[in-house]
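Quick notes on the structure that follows.
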Amino acid sequence: MTMAKANQAAPVPRASLTARAPDFVRSYGIFIFLIAAIVVTFAISPAFLSGANVSNMLMQLAPLGIVVIGQTFVVLVRGLDLSVASVMATAAVIATSFGGQNSDAALIFLACIGMGAATGLANGLLVTKRNVSPFLATLAMMIVLQGLRFAATQGAPSGNIPSLFRQLGSATLSGMPYNLLVMIVVAILFGILLHRSAFGRRVYITGGNPVTARLVGIAADRVTILCYVICGSLAALAGLILSGFVGVVDNFVGRGFELDSIVAAVMGGVALSGGRGSIAGALAGATILVVLSNAVVMVGMPVQLQIIVKGLVIIIAASLYVRPARA
Amino acid sequence: DTYKGVPRTFLFNPSMDVCLKDTAEYKKNGPYVIGFSNAGLGDSWRVVMLHSMEKAAAEHKDQIKQLLITDAGHDDAKQVSDIQDLTSRGVDLLIVSANTEQAVDPAVTRAMEQGIPVVMVDRRVSSDNFVTFVTASDAMMGRLFAQWIVEKLNGKGNIVILGGQAGSSPNEQRVKAAMQVLDQYPDIKILDTVYSDWSPVKGKQVMQAVIAKYGKNINAVLSTHGLQTPGSIEAFLEAGFKPGEIPPHTTSDVNGPMQLALKNKVPMLEVGYPPAMGGTAIQVALNVLGGKKVPCTYEINAQIATTDGDETPSIRPDLHIKDMVMPNAPPDMLVTGGMGPDYNPSTFKIDYPQ
Amino acid sequence: MLSLKGIHKSFPGVNALTDMNLDVRSGEIHALVGENGAGKSTLTRIIAGVHQPDSGELSFDGRAVRWSSPGEAKKAGIHVIYQEFVLFPHLSVAENIYIGHERRNRLGFVDHRRTRRDAAELLARFGLDMDPAALVQDLSVADQQMVEIAKALVHDVKLLILDEPTAVISGPEVDVLFRRLRSLRDAGVAIVYISHRLEEIFALCDRVTVLKDGKYVATREIGAVNRDDLISLMVGRSLSDLFPPRRKRSDEGEVVLDVRGINVPGRVHDASITLRAGEITGLAGMVGAGRSELAFAIFGALKTSAGQVLLRGRDISNVTPARAIREGIGLVTEDRKGQGLAMQLDIAANVTASTISEVSRFGLIDRRREEEIARGEIANFRIACRGPATSVSLMSGGNQQKVIVARWARTSTEVLILDEPTRGVDVGAKAEIYRIIQELADRGIAVLMISSELPEIVGMSDRVVVMREGHIVGELSSAEISEEAVIGLATHQSAA
Amino acid sequence: MTVQSSSLRRFFRGSQVGLFVVIGLLILLFVIGVSVSDRFATSRNILNVYEQSTGLALVSLGQTLAILTGGIDLSVGSIISLSSMLTSGLINGNPSMVLPVIAGVLLIGIVIGAINGGIITVTGVHPLIVTLGTGAILQGITLLYGLGPTGKVPRGFDYFAYGRLPAGFSVGATFALVVFLLAAFLLRNTRTGRHIYAVGDDPHAATLMGLPTRRVIMLVYILSGFFASLTAIYLVSRFGVGQPYTGANYTLSSITPVVVGGTMLAGGRGGVLGTLLGVYLVSLLNNLLNFLDVSTHFQLVAQGLVIIAAVSLYVEKRRIA
């Protein structure tokens, strides 16, 4: 054919090293940052990397990590979920409202996941069918859920947590927390779901461009709703695990997780504009937050500086990921 | 034997002047409409306090036509508005549990200026523009906590302060009073002050880090309330401390830490901050509306208890933790509520005049 | 007026421009041509201060300049009509026209009434019947493009650059535009005109500069070149036949799709059309005639309020796009970025987007299979890229278009609808897309090709259906097809 | 052509319709209030509601501007806390310090806003994350300044919050009302005002059009910081002292009236008058709930549902599929 040369239309020059540098930073910056933070803290306080402390951090990572995985799905479809903390607290309250026997564990588990999924469903429906902005829809759900929780317990949740969940939330297998094992399993399963499965592909296309998604035959609304359901369910799981971390419930188990999980995802390169990011990155973001909150105590920083450092880290880590938009 | 502790007046009596207030100007014929502006709910202490108030109101239905309750959700701005709204609704007397001492002060002062008597409960406002204050003392709690630790450690050792929320008034007042005591002992070293935001979860997380850092160098933990104490004890257990090795802890009101203390032989001091003061406030309110003389401050006796053998020269309570604890009740239960044995906050329902 | 010397510009992974030169005089219309990805838009953005060149000199109005922002270039008198719209959908037409040059009253406040009045005057000069207070988002794309053009005329420009301004407008609007441009030229404005429609270049421009692979090739007086010269300068070889050879069709294919009297409220009225296997049906009409809506309605992306769509006799009215795809219908939309691509994903994912379950096993994507497919399509469509894992956001428009056509060519077994399939595509790529369309038809697929380019309609269609103002107003058989006949039907003014 | 019908349609499609939604809800709440208590519709109660709206009004005004550009300012809570501490801490009961400190605190709000805007424009990080980060930093700085209520203000400082004009109109709320009207006028009738909408509608297009996009973004965060500091001064006037967490609740609550009032979080659409009505709606709802004797728990549910109900009315029809 005479047009054989046409595929030379756009030359493919080799990228220069300098051109690659920002890409490299963008892809691995968060990990470099994490390693740097660990090294510096270790230098100041060697106890930081003691087996016990590492085990502590891993145990603290698990619930946040699980929430972050769910949050990643939602952010990928251009959403965000502020109701996760409220879901977590509600899960913890549910966990104590049975008899506290291990035989209730399955029932509790189902009730919690069901509650989380239902909340996610409500969020998803509001966002897709009523076109309410995710920020507001999930904020309102957070308030509503808190109200319902208070109404059910009169504000004073009480009861015992089955020892199974206590184990799951706070015991270790020679230094390896059980809850981290749960997180790893969740990360692998949902990592495969997101990065390898057909559903995951639909998530990325929907997040990248919902109109395109619909026009290539993807039920974009259903995908979006499912992402909220995943997020709600994982938040409930995390709440259950966190309720086992200390055997006492309070109304605000998981307080702060809503913003922390979003921040972790963004620090890990999940774009708030949707369609971009990975679970590994998001977990790295979560690890930074956990390491950070432990490190500031290890180096003996006063509480004021702790808060300040957290703010700085958020901004710096997030700025590693910004891509100049193609003009 | 002779008393060897610090002067009891210093420890136990925060306000030394005894003062009585004449309330004749507020005398009114019933039945009354009483308004309660609550700072907020959120932990079980505050729930029990509210319930004890509802219970008292139910017991005085003959005199109380209506008890109107608002909840500020721990938001000063909302509480100021709530007080205005209650005033608009024409209450005869206001009971206020101030979210913060100073922010709610102008609103309370204004209500008083409009001739509505205000009874403070649990948390007062900074000025004296109210009729009376029903309370147990934050300052006393802080001092007792600190003095007990000092004496447990024989004036020498390293302590960690496990606070509630940085900057919140109950926390800061307890810590401030504790520091007044601790400052007098140069050999007492404060390793770290950490904050739990009143949450056992966060309490455990920060204590894990603190323990990883200082390990056995920690000689005592001054926890400013019982809500976060279990997190700390759990953190010690997980760090491999055996029963008997865990340093002394302070706590209040909550069942869980006492259960843990008995089980793991943790020396413990409990200074109660009884939620029953809610009911007392109703009684006081009726006295005010009846024109009776009332004390300027209505101090509820705090129950003070220690684990067996952990009394110190200054702190020799009559009560023991083993007698206070409710072994089979949930850990988050408040043992100082005075609501009777069948009380369960989640299912509590009473027909008070609404 | 404008002179560029030795301009270099590279993006991560791409050298968009190397050693580029350009001289534009005031009072001339200077054409800029080149294949997709040749660097025309990049050049435009450098002139306008959106990008800074890596090296090279830019001088404007006799002074060497270096813009640090588009605002600076604008102040100096450069106005650009970009390839993509630069409009604010939720502001009114009048506000869009004057944004940045607000009409103000004596107190310095924005004078809304004057803004509207002046805008109305300006629109009238274009012969546009548009409410200046209407929101831009409510306009058709053609009207939006006209607003873009009107914007260029509200202030004194010394240099006006138009990057494919006619991609979304047709006949009469193009005439208006050309008349305006000529009078601006006569008033001494320098104009750079970019288009893939060569006939426009010859009709309008004075000189032409050719780019290839980011490099300067040549500048010629327009009178000194002909169409074939230009093409061989652009693509490095001659291209004699743009359209594939027409095959003789022995018999009429069977009816695959039968659209009966469908209605899309406000846009399409009682439209009936039949598509036959192996036939390319051209759907012509002025921009805004409602052709895209008809396509969306057939595809299930817009609800119809009346009528039926029959696929081989089965009723598929008001199905979802997903179902339409399963039925073997494909739709190449006119808006690549907004409706066609998932920009942040790679070629492989975009090619297989409508057949995700086909490339997955047990719910998991078979990445190897997917890349294999993508590689096949890259070769088949001659998509210029680094491989199946190239992000489509980094590709030129023409190549992006090929990715979309490749996707739908794979899935359409019955009907393929192409809405402006060669919009913004260079001649070389156009020829390939035409070849592919013809191949698909030869495979027995019923093709509906919507186009505003008459040569394309005439050159490709076996049959032409014409729409006007939401109605189907006529049909031309193979023998009747001619540009005049199509125009006649498309613009026929009703008696009222 | 029926210009009239098309402008009517525009009217209903545009930001204006938000105002009607909120007005409708306001009327609804009012009717409920009147039917449950004869003390509800008294001028005293209504004037109280008006007064109670002041703080939220001031902070939401700045928030509206940030949201109009497609951003958000989650640092307002911390700015308020810091500013309130500085106000009462620096005045510390000294009347002669009042004016200089007010000026200084407002300047600090401006500087913080400029820092927010600067980080956003320079790094390109999403405003939500940037302001969350600066919010944390400012909270830390506030706690460095003081862990508890700090300083005091002289008598008379409370005039801003509690003072009443003739006919009983609150000084602060009336001030806020005037500021809102002024802001609405400026937003509509100045170039910068129009540019705020343009930047929010499409920031990329705004840059290409040569609009001073960065300056506009700087400006809205500066104004947001300024109004947060002004809110702090109001709160010090209302509470008599600055406290380290005084602003915490405003971070999220400042967003509700904006969105309820019809401003889209995506930017480019809406306006401050909607926000003002949104603020009145929130205040009236709180007041009504206090009159209704709903259990406090269900008050939360009711608030959530009202938010959902209000914003669900702004559904935009999707054109394709």
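Letters are used for the chains, namely A, B, C and D, taken in the order the chains are written, and counting of residues starts over at 1 for each.
One rule holds in what follows: a residue touches a chain if its C-beta (ideal position, glycine included) is under 8 Å from a C-beta of that chain, and two chains touch if they have at least 3 such contacts.
Protein identities per chain, from UniProt: A = Autoinducer 2 import system permease protein LsrD; C = Monosaccharide ABC transporter ATP-binding protein (CUT2 family); D = Monosaccharide ABC transporter membrane protein (CUT2 family).
This structure is a prediction, so every number in the text was calculated from the model and none was measured.
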item: Contact-graph separation of subunit B and subunit D, given in steps at minimum; value: 1
item: Partner chains shared by subunit A and subunit D (touch criterion as defined above); value: B, C
item: Farthest chain (mean CA position) relative to subunit D; value: C
item: Whole-Å gap between the CA centroids of subunit A and subunit C; value: 41
item: Where subunit A and subunit B are represented by their mean Cα positions, the distance between them in whole Å; value: 36
item: Rounded Å distance between subunit C and subunit D, as computed from the means of their C-alpha atoms; value: 44
item: Gap in Å, rounded to a whole number, between the CA centres of subunit C and subunit B; value: 72
item: Shared interface positions of subunit B, touching two or more other chains; value: 41, 166
item: Residues within subunit C bordering two or more other chains; value: 50, 301, 320-321, 339
item: Junction residues of subunit D - those touching two or more other chains; value: 143, 296, 299-300, 320-321
item: Touching chain combinations (by label order); value: A-B, A-C, A-D, B-D, C-D
item: Touching residues on subunit D, where the partner in the complex is subunit B; value: 37, 39, 42, 44-45, 48, 51-52, 55-56, 143, 147-149, 158, 161-162, 235, 238-241, 243-246, 249, 283, 286-287, 290-291, 293, 296, 299-300
item: Interface residues, subunit A side, partner subunit B - complex; value: 45, 47-48, 50, 52-53, 56, 59-60, 96-97, 100, 150, 152-160, 170, 172, 242, 245-255, 293-294, 297-298, 300, 302-304
item: Subunit C contact footprint on subunit D (complex, rising order); value: 1, 3, 6-7, 10, 13-14, 188-191, 193-195, 197-198, 201-202, 205-212, 268-269, 319-321
item: Residues of subunit A defined as touching subunit C within the complex; value: 2-3, 5-13, 15-16, 19-20, 22-23, 192, 196-202, 204-205, 208-209, 211-219, 275-276, 326-327
item: Partner subunit A, residues of subunit D touching it in the complex; value: 72, 119, 123-126, 128-130, 132-141, 143-144, 204, 252, 255-256, 259, 264-266, 295-305, 307-308, 311-312, 314-316, 318, 320-321
